[in-house]
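The structure is given below, and queries will be raised subsequently.
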Amino acid sequence: MKLEKGQKFLLVGDSITDCDRVKPEGEGLFGALGNGYVSYVDGLLQSVYPELGIRVVNKGISGNTVRDLKKRWENDVIAQKPDWLSIMIGINDVWRQYDTPFIKDNHVYIEEYEETLEKLIQETRPTVKGLILMTPYYLEKNEEDAMRQTMDQYGQVVKRIAENYDCQFVNTQAAFDLVLHELYSATLAWDRVHPTPTGHMVITRALLNKIGFDWNK
Amino acid sequence: MKLEKGQKFLLVGDSITDCDRVKPEGEGLFGALGNGYVSYVDGLLQSVYPELGIRVVNKGISGNTVRDLKKRWENDVIAQKPDWLSIMIGINDVWRQYDTPFIKDNHVYIEEYEETLEKLIQETRPTVKGLILMTPYYLEKNEEDAMRQTMDQYGQVVKRIAENYDCQFVNTQAAFDLVLHELYSATLAWDRVHPTPTGHMVITRALLNKIGFDWNK
Amino acid sequence: MKLEKGQKFLLVGDSITDCDRVKPEGEGLFGALGNGYVSYVDGLLQSVYPELGIRVVNKGISGNTVRDLKKRWENDVIAQKPDWLSIMIGINDVWRQYDTPFIKDNHVYIEEYEETLEKLIQETRPTVKGLILMTPYYLEKNEEDAMRQTMDQYGQVVKRIAENYDCQFVNTQAAFDLVLHELYSATLAWDRVHPTPTGHMVITRALLNKIGFDWNK
Amino acid sequence: MKLEKGQKFLLVGDSITDCDRVKPEGEGLFGALGNGYVSYVDGLLQSVYPELGIRVVNKGISGNTVRDLKKRWENDVIAQKPDWLSIMIGINDVWRQYDTPFIKDNHVYIEEYEETLEKLIQETRPTVKGLILMTPYYLEKNEEDAMRQTMDQYGQVVKRIAENYDCQFVNTQAAFDLVLHELYSATLAWDRVHPTPTGHMVITRALLNKIGFDWNK
Amino acid sequence: MKLEKGQKFLLVGDSITDCDRVKPEGEGLFGALGNGYVSYVDGLLQSVYPELGIRVVNKGISGNTVRDLKKRWENDVIAQKPDWLSIMIGINDVWRQYDTPFIKDNHVYIEEYEETLEKLIQETRPTVKGLILMTPYYLEKNEEDAMRQTMDQYGQVVKRIAENYDCQFVNTQAAFDLVLHELYSATLAWDRVHPTPTGHMVITRALLNKIGFDWNK
Amino acid sequence: MKLEKGQKFLLVGDSITDCDRVKPEGEGLFGALGNGYVSYVDGLLQSVYPELGIRVVNKGISGNTVRDLKKRWENDVIAQKPDWLSIMIGINDVWRQYDTPFIKDNHVYIEEYEETLEKLIQETRPTVKGLILMTPYYLEKNEEDAMRQTMDQYGQVVKRIAENYDCQFVNTQAAFDLVLHELYSATLAWDRVHPTPTGHMVITRALLNKIGFDWNK
Amino acid sequence: MKLEKGQKFLLVGDSITDCDRVKPEGEGLFGALGNGYVSYVDGLLQSVYPELGIRVVNKGISGNTVRDLKKRWENDVIAQKPDWLSIMIGINDVWRQYDTPFIKDNHVYIEEYEETLEKLIQETRPTVKGLILMTPYYLEKNEEDAMRQTMDQYGQVVKRIAENYDCQFVNTQAAFDLVLHELYSATLAWDRVHPTPTGHMVITRALLNKIGFDWNK
Amino acid sequence: MKLEKGQKFLLVGDSITDCDRVKPEGEGLFGALGNGYVSYVDGLLQSVYPELGIRVVNKGISGNTVRDLKKRWENDVIAQKPDWLSIMIGINDVWRQYDTPFIKDNHVYIEEYEETLEKLIQETRPTVKGLILMTPYYLEKNEEDAMRQTMDQYGQVVKRIAENYDCQFVNTQAAFDLVLHELYSATLAWDRVHPTPTGHMVITRALLNKIGFDWNK
């Protein structure tokens, strides 16, 4: 288990991370962590490793792209002084290109995505003990699908950055592909993005497996 | 223009037809026809052919399959004595097989779909002056997609019945495919089913074109 | 078809244009264009000309007079840099003279109306590729009706300005008069102003016909 | 003053009478009489003639036609044993012919109106000490207007019945016409039917004048 | 009739005046005048004297004492430039002494009341054509009641000021006393202050009688 | 202390007793006893005599007269098998005579009040170990006040019945009079009936004093 | 893994199971399984064993005791024909003895608990392939605590029945005790009963471990 | 009785004091004192000592620790110029250490608690006639419980400060312990902190007993 006693674990991202967390704190009583993978990660950390006392903080905000993350990075990430940091961003960067194709101001194309994300990682990596980079994903089995193809390219960017900056790389798309082999995408999400609890468990398991979580402890 | 002065035009179906119509009447003041293609069809009939005085009635109910239609057919269709009747059903018959695959009780497989729909048409055709059969559709460009394939088979059933019982056949899937050639499906509907106004306009145009609506009148 | 690939088409006006659009953007996901003629125009443009990728923006605000338009013109029109612009204003300028006749501060009489509108058009015409001027209207068949007479005079102002500044002129009153020949005004609007979907279709058709929309494409 | 000490005065009608009265009682504490002319009539009776102790009951129901009145007559009028009875009905009988002209089931044409109303009056007149018949009205100055013409015909029916059955006849249309001579109809009601407090005062005064109310007492 | 064509009549006061008027305007469409005596006064002025076109404005605010009036006088009265002004204030000045006797900060004793009111009248009288001063009242028949006694003293202050500054004096308490002779106070108001429509009619009649309103016009 | 270990103490009455208790049970978790004197009585019994385990049940219903009590007596009192029973009824019996004097159907005059209450007590007294009769009250200091006089007569009825049927008699009016000697009635209740917590404490103390509650235990 | 392809797994219980599931179905789209351990169990089964297609059904109802379960057993359990059944009941049976000790009607003492539960198991065991019995629990570390002691006795009953009827026995109390060794009970639940996501994960893991769930698959 | 005629009695604290009081005033009409012990104290003072006219003010705010009190002390206490002051603080200072143990920023440990509270008392004692210090409490009978132990230590701090600064010391924990001897803690509060009316009565009695309240007056 890579996280150590008393560490602060901050997760940042878009609506998949947000899941109706309490704002602005992102931690505390009464479901403050929202109802998605962050609360599952916290629930599993506290129930399996209660002795470690990991402090989990959710700083996801629905609709965010990497451009939005950049604007609030200082306040929502750096100032929080996390020991471990997890980032999952990029779905909205891609989605807006496909659901509102004519409103180009809202599209974050791959060059801006890569440059912005890399800069954030570059600056932040030295300040944290561990950094987890999760790919954006699209719950579409057909790899020839236009939006899936774009999403895969963004996932490749995440992978490269993770390798270059000593991050834990979580391939959420690959984790979902295993399930999509058996279940049609609509079973996991009507809009191919916002998943049911099943989908959040897929993300949770992929993430925890990367940080040495022992399921049989 | 096939509809004649003073005729009653009843449209029945699922949520695509329903669109928050007033219940149980499905006609009257204050947006009683809902906000989908039925209200567009009515708006165009009244604005272009005000002298005909066509009475449009919306009897769609969200979530309905052909199995549900059968249960309320006597009350919601036959007892209403329409002159013209339009039916669009089948999306939920297929969708439940893909979004809740383990709850098989709710699946309406193609044999039941065909048998039920055919029986309703057989009984009803002699009682109306005109009958329009619209295919169910799926806003997925990839024809190899599992749910799209199934939906196409249901569409084939509709086509065969339309031919055998002297109905106007509206191929909504084909109409949408023309648009999907240019726009990614997410532009039309996040869930590939419930469309934006653009999608309702596609249906509206396909339907009106079949009944001799003169756009340049 | 006068609009060209990738152009931005902005429509500004009062409650007839607004129709509960999302504010302040006036474009985007989830019914952002409201439920009136702007969403019909957009739905028809996207469904019939999906290859053009026209970006439609709704900047209507309920209750606005031309005096209000002037205050927000820089921000809501000029700064948006539209390629095409459509304006329908004047109904409230007239209506307040008839529904609250004693509160004269809120009346925009015809001199102010003409001067203000002309100045906005004068400044803006050079900045856009196309400009559509729609008359205000009143759903009252009786041309001797006092408010109808006033509204017609405001419509004349719009016509003159349209001619002088090379604008597309849409005579919504004339379009409605054709329907009022067959239907009593209450069928279109209880208050003779805010129309049912039928009325919005009348406006939509009048507008699209002026910009070369091909209904049979 | 024609009403005597301790009498019960029941007023029945449609939305003009109803005005959000408490149901089913139509009397009691906390604004039970609604906020229209019935509460004004009551307020004036109690404040000017407190020594009479007139009991005012409101049995108006929004949307009612004379066909609806007939159905609830036994329960809402006869069983209440009023000393005085006031009836204003007919606006919806006419309006539905003009706002939803194709839904003919909901139209109450003049023959049915006359026959039904006459029968109710015939039966009820002997059971009450006084009976007031108020015409339906339409806040449209133009007497050539189609709906105004029809409403006037219904008003004529009321007049004839009032004369034949010894009722107080209140010509609300005539009372409104005096005001419409000075004020445009929109000042009194956006939909030419549901009036502002000004309109309810017009009705109140016309009614009270018929029963010998002394304004200068 | 003392009010003349085109004049503005502003009424200011506490909750009896306010009655849920629209804020901040206090005039306009949709019940903007609230549902108390101000709307009755307006309804009677427009229905009986429509040719005068009196503009009625309601500037009552619930809970106000004369101390509160003073703070908003410049903005809510002077800046509005009324031709006629009506003031009814003092109920809360007295009431707080009786319902929350220990919170003395909120009591406006008679010296402060008199001095403040007189100063407002002194300054304002020259700026208006007519000024109406209405007494505060208490719906308690027993003149020995402690709060009634205090209220009567405040009423005396109003009377004196009215006489000294050429104002129309409306003795609302006296008007109510006539009714209280016949009806127990609970019939007019559960709390002896906020009246039913009957009570608002008492105030309306007392006020209109002072300005020469002709009820039989 | 007259109540014994494990006894059930049921209190029945009108809105003073009800105070938003949970219905129909009138006992249980989460404020089930409402927020008036019943919850105070319970709070004091449990906090001072926790060892007795008295089960308190609230069966008050707002607006009730003795006529209403009679209708639900079998279900709400007898079937509950209380050991001790407390009754406070009569305020609405009197109040309706004064706030809606013309609706005589709702008045419960003193003969009906006495007869009904006596019969209920007669039947019930043998079935309970103790029975408390509380007078209705009116928070009006002036004993010449008409409604106060009537209320006092009803209180006399309660007193006589209490004496004849071996009940604990609680004179709530007398308890309130002591406070009204110092505080104006508006301090205790705006409507002279529904009291503040101070008023509920007056009732609580009067009641507990009658059953031997030891405040200094 | 003991569950096999296509099996139906029904979980019944109280609020811990319920967690705002959709009623009455307890399965389907849109969070139908609630937000507690049942949705976690389902999410893990579908994400780790998607190929099995286990159908999970939630039939928990808040506030239920074993007495309530008995009443709805035929409808909610037997008629559903589950392959596997999980039962967690008893918390409310005990809790009511401690939070409302005087309302004895609502207490389900251990004899009734044992008899009722045993009878249900006896009847149902032969009809299902697998049956899981989970103990009720109390998030109180102190084993001398009165309510904890009682809860442990109920847990012993569950254990005995599980052994006698060939059920999987899940000791939720023991699972929680491991966590309570590290975390104070308030961290898991303010009321020591309704847990945070951490507590639901404890239950989920205890349950899944008993049915051979392979966490490292 | 230690409080004297016309004195102001201010009570400050956390949610136990707050109980939904009106903010920011904390006094006035309509339940302004909330529904907890402050309103009971006020109700008893006014009903038993109406002649004293004690002014009770509630300045509790839910969730407050002593750290929060310090920030608002000048505004909410000093500026209010109370004659008597009651303080109950510390529950949240302790609770956060047990319900969110990993969010250490929100914990107020005993050194900070003591230092802060002492400083506030030191400064304030000379400005008031009487000062009441109430201990925080925890409704847990088991004195070995970790959170109970901590709470007892905070209670000891309060006791010491009370002795050193001539304050009335109210041992709420001791008062509750007497009740917990008979009733399980869940009867008083599900979360062992926020009490039912019974618990608020315990606090009320403990407080009033310290200031010489005569229950038998």
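Worth pointing out:
Each chain carries a letter (A, B, C, D, E, F, G and H) given by its place in the written order, and its residues are counted from 1.
Criterion: a contact is a pair of C-beta atoms (placed from the backbone, for glycine too) under 8 Å apart; a residue touches a chain by one contact, two chains touch by 3 or more.
Small disclaimer: the values here were computed from a predicted structure and weren't measured.
Shared contact partners of subunit A and subunit E, listed by label, are C, H. Counting only chains that touch, the fewest steps needed to get from subunit B to subunit G is 1. Interface comparison, F-H versus C-E: the higher number of contacting C-beta pairs is recorded for F-H. Bringing subunit A onto subunit D by least-squares fit of CA atoms involves turning it by 180°, to the nearest 5. Separation between the centroids of subunit B and subunit F, computed from CA atoms only, is 63 Å. With centres set at the average Cα position, the gap from subunit D to subunit H is 62 Å. Inter-chain spacing, taken between the CA centroids of subunit D and subunit F, is 45 Å. Note: centroid distance subunit C to subunit D, computed from Cα atoms, is 40 Å.
Multi-chain contact residues of subunit G (touching two or more other chains): 29, 99-101, 183, 187, 190.
In summary, the structure contains touching chain pairs A-B, A-C, A-G, A-H, B-C, B-D, B-G, C-D, C-E, D-E, D-F, E-F, E-H, F-G, F-H, G-H.
Interface of subunit F with subunit G (complex): residues 6, 27-29, 53-55.
If you check the complex, the residues on subunit G that touch subunit A are 29, 31, 33, 35, 39-40, 42-44, 46-48, 50-51, 178-179, 181-183, 187, 190, 196-202, 205, 215-216. Every residue of subunit A that touches subunit B in the complex is listed here, in rising order: 95, 98-101, 142, 144-147, 183-184, 186-187, 190-191.
Partner subunit F is touched in their complex by these residues of subunit G: 99-103, 106.
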